[in-house]
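There are two complexes below, and they share subunit A, which is joined by subunit B in the first and by subunit C in the second.
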Partner chain A sequence: MSFFLNYLIQAEIFSVMALSTNLLVGIIGIFSVSQAAIFGVGAYTVALLLLSKMLGFPAAIVVAVVLCAALNIVLALPSLRVAGDYFVVTSFGCQLVATAIFINWSQLTGGASGLVGIPTPAIFGYSTDEPAAFACVSTVILAISCLGFWLLMRSPFGRIVHAIRQDELAVAAAGKDVLRAKVSVAAVSGAFAGMAGGLYATYLSFIDPTSFDIGVSIIILTMLVVGGARTLAGSLVGPFLLLALPHGLDLIELSPTIVGPMRQLIYGALLIAFMMFRPQGIAGQRL
Partner chain B sequence: MLYLQLLADGLVTGCAIGLVAVSFSLIYSTTKVFHVAHAGIYTAGGYIAWYAASYGAPFTVACIAGIIGSALLGAVIQSQVYQRLEERGAQPLVLLIASLGVLAVLQNGVAILFTTNMLQFSYPWRNQMVIFGAVGLSYAQVTIVIVSIVVFVVLTWMSKYTLFGQRIRAVASNPFLAEITRLRPKTLFVLVMMIGSAVVGLAGTLIALDQAMQPYTGVLILLTATIAVIAGGIGSLTGAFVISLALSVLQNLSLAVMPGRWSIAATFALFILFILIRPQGLVRAAR
Partner chain C sequence: MKDYLTVNKVSKHFGGLQALQQSTFAIERHKTTCLVGPNGAGKTTLFNVITGFEQPDEGEIRFDGKLLNGLSPREVIGEGIARTFQNLRVFEEMTVVDNVMVYLNDDEATGPLDALFRPFHTQAALRRKRAAALGFLREVNLLHKADDIVRNLSFGQQKLLCIARALATGAELLLLDEPTSGLSQSALTAMVETVQKLREQGRTLLVVEHNTRIVRRIADEIVFLHEGRTMAQGEPDKIMSDPKLAEIYFGGVV
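The block that comes next holds the complex of A and B.
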């Protein structure tokens, strides 16, 4: 049972991350490979606030959400000036700068060894030490994110956002505020990443820079692409499916040093295979 | 004197990164694929050479093994992945995601075969020093400078003055016209990928000879190189090479004023500012 709950919680956390990435990459067409950096900022913020006992879990999540939303706007800003491949390079750069900061600002982040002993959240006096209780928290947060995503997509604003990806110039010519739409989407995406980061830190009670490096960005992207970009279902299918995969790997005997690279190799192969044979993913729309 | 030595070391590394930049520029300006898997070929080239050397091959033989292996990898990636995708009319985003997948497969394949530990060439001569006035360079560093400059000159000459180079530029500027005038762009793209991959495999081997190699370091090198390609103006081989030198020197000199672990972050932060202020590059107008 705890095995299943562990899987469920992690899949839910990464579903929130996939939704966050979906908004940027799938919906509005900002190809960001620095989502793990925002995820990490959320995780470190919540971890530090809880470790210093300054705030309770709900308040810490709110701080992380606000901070990540603001930061994601800053990271998405170059996309207003530079398009396509140039932005990918900037985004790669942002991710590497973030990793360098996580590793090197050791007074704050604990450096390469990370932060340990992050307390499990207590919500209005109820402890969530039990995995079942934590699963409730993560399910609620995922439900809120899904609802937010769904409402956003079927609103008039959602239509503008879809239109921007297809023809930015036409949207601007129709008198819609492209800048405001992009900034808002980046903010919502950052907020999702902040929540996911906070959940991740409190659930594992241990974080280090390798949990938020470029490899993780690519894994999140893989989840999105395999599940299918642009749809709500895709962002849920991808993480649940891809996180089941490592458990499958546990069944074969592999030396522990190989497991990590092997998993990433399979993710890479999946990326290629899906792009070649089913670019819309399992439950998505055509890329 | 410290500054002179840092300057010299920067120029040496810059030469090798220049090769990565020039080869990336060649591929990018011809095939229009943002070929991030180039970093994977860089890594694979170094490891193939190391593998040959571990069987007692002299450096030239090991180098040639690395070059041939890389060129073959490049040909396979172009003909089996990029070309098939393009025949299906895939968006640049789809190609980019597939390329990220190839990168993950190559890097983790290397990690599985050779472990993630640092590897070094065991040639005793590579650390022998040559003294030029106040500056000392190892044999490995001298090799890098000579080989890099020769390869750079040959590549520039090839692209400017040979019939083959003219074909490349013709296809790059108008693939459709090239197709109907029977310049056979598909064959040409494979050839360009082979040349680019051979050069980047050589760069990987050279840097590994001077320092050491690990499976995941290629991304950082490629990122520096793409920055040089963009800052130098897309399509300009000289621009890419010169900016690589400048970036590397800057990064080395910054060691005198800040700890090494921050200098990489500083370089990328500088680049992000640069791309915001001057997205068209230093040398040529934006495309």
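The block that comes next holds the complex of A and C.
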């Protein structure tokens, strides 16, 4: 049971991250490879607030959401000037800077050894030490994220955002505020990443810089490609499927030295295969 | 009064290329003015400087007395000028009606906060916008394609969609960039009928058009542009019977 709940919780956390990435990369077309950096900022923020006992879990999540929304706007700002491939390189730079900060600002982040003993969330007095209780929290947060995503996509705002991806100039010619839409999407995407980060830190109770490096950004993008971009279903299918693989490998008796590289190999192969043979993913559209 | 839109000594260069040279003309309200001239005469550049996509190097552009210089495309549309593009710039992956909805001059519930925190209000606004957008599609005879993905439309239908989008902005002055180019005979007929309908409704149109037969049918006035200069402005018969202009336009073969 706890094996299944462990899988469920992690898949839910990464589904929130996939929704965040879907909004930014899939829908408005800001091709960021620094999503793990925002995820990490959310995780470190909640971890530090809880470890210092400054705030409770709900308040810490709110702080992480606001901080990540603001930071993601800053990271997305170059996209107003540079587009396409150039932005990928810019965001790659942002990701490297974030990793360097996670590793080197050791007084705050614990450096390469990370932060340990992050307390599990206590929500209005109820502890979530049991995986089943934590699964309730992560399910609620995923449900809120899905509802938010669905409402945005069904609105006039959703139409403007889709239009911006296809032809920004034509949206300006329609008299619509492209800047406001981009900033808004970056903020919502950042907010989702902040929630996911906070959940991740409190669930594992341990975080270190490798949890939020460029490799994790690539894994999140792989989830989006495999699940399928631009749809709600795609952001759920991708993480649930890709995380089933390592959990499946755990079931087979393999030495840990093989499991790690094997997982990377499978992810890489999947990314190539989907890009070549099914660019729209399982339940979405071509990125 | 020929002072609805005035272009006064407007110049624009790109590197060594002088696209517009002291171009000057004015258009009248409720009339259709055709902008004609050989390729490279500066017609599209003129559209770009009027609509804020490019800024003129010198000269001034006024609309209903208000100076347009320095305004962004978004601000120009706020003043009441909408345009279509020669290369369409439709949102291919979206439905026809959604394309029109993006252009709709109705900013009610267009923000993300409305979508997230006032969902019922937003859905009501969405239904109203859809109904309005369908009205514009009816005007260009595209109502039956409303829920089709734009990529699946014919070129002629996509061009009609561009007209519907421009109408949806509620702009008083419509700038149509080569609405008939590249169309099959039947699509051409549909487009000319649509433009004529707009003209009969009393809309003000500025149209880039190459086909002289079509120009004769739709134009109240012609502005003749050559090498970035306004060579002449006047009624179609007068301009088209001018042998000098015909020589420029047809390259001496009359």
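Throughout what follows, the second predicted complex is superposed on the first by the 281 of 287 C-alpha atoms of A that agree within 3 Å, B and C clash if a C-alpha of one lies under 4 Å from a C-alpha of the other, contacts with A are read in each partner's own complex, and residues count from 1 in each chain.
Note that in this section contacts are C-beta pairs under 8 Å (C-beta built on N, C-alpha and C of every residue); 3 or more make two chains touch, one makes a residue touch a chain.
This structure is a prediction, so every number in the text was calculated from the model and none was measured.
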{"item": "Joint occupancy of subunit A by subunit B and subunit C, clash or fit", "value": "fit"}
{"item": "Which superposed partner A:P78 touches (first subunit B, second subunit C, both, neither)", "value": "first"}
{"item": "Partner chain in contact with A:V188 - subunit B first, subunit C second, else both or neither", "value": "second"}
{"item": "Broader residue contact with subunit A after superposition on the shared chain, subunit B or subunit C", "value": "B"}
{"item": "A:Y7 touches, of subunit B and subunit C: first, second, both or neither?", "value": "neither"}
{"item": "Subunit C, subunit A and subunit B - angle at the middle CA centre, rounded to the nearest 10 degrees", "value": "80"}
{"item": "First, second, both or neither for A:I160, with subunit B first and subunit C second", "value": "second"}
{"item": "Superposition-derived minimum Cα distance between subunit C and subunit B (Å)", "value": "12"}
{"item": "Contacts on subunit A seen with subunit B and repeated with subunit C across the two complexes", "value": "none"}
{"item": "Residues of subunit C defined as touching subunit A within the complex", "value": "51, 53, 72-74, 77-78, 82-83, 85, 89-94, 98-99, 101-103, 105, 109-112, 114-116, 119, 122-123, 125-126, 129, 165, 169"}
{"item": "Residues on subunit B engaged by subunit A in the complex (per definition of touch)", "value": "28, 34, 36, 81, 84-85, 90-98, 100-105, 107-109, 111-112, 115-116, 215, 219-220, 223, 226-227, 230, 259, 261-262, 264-265, 268-269, 271-272, 275-276, 279"}
{"item": "Interfacial residue positions of subunit A with respect to subunit C in the complex", "value": "148, 151-152, 154-160, 162-163, 166-167, 169-177, 180, 184-185, 188, 285"}
{"item": "Of all residues in subunit A, those that touch subunit B in their complex", "value": "29, 31, 33, 77-78, 81-82, 84-86, 88-90, 92-94, 96-97, 100-101, 103-104, 214-215, 218, 221-222, 225, 257-258, 261-262, 264-265, 267-272, 275-276, 279, 287"}
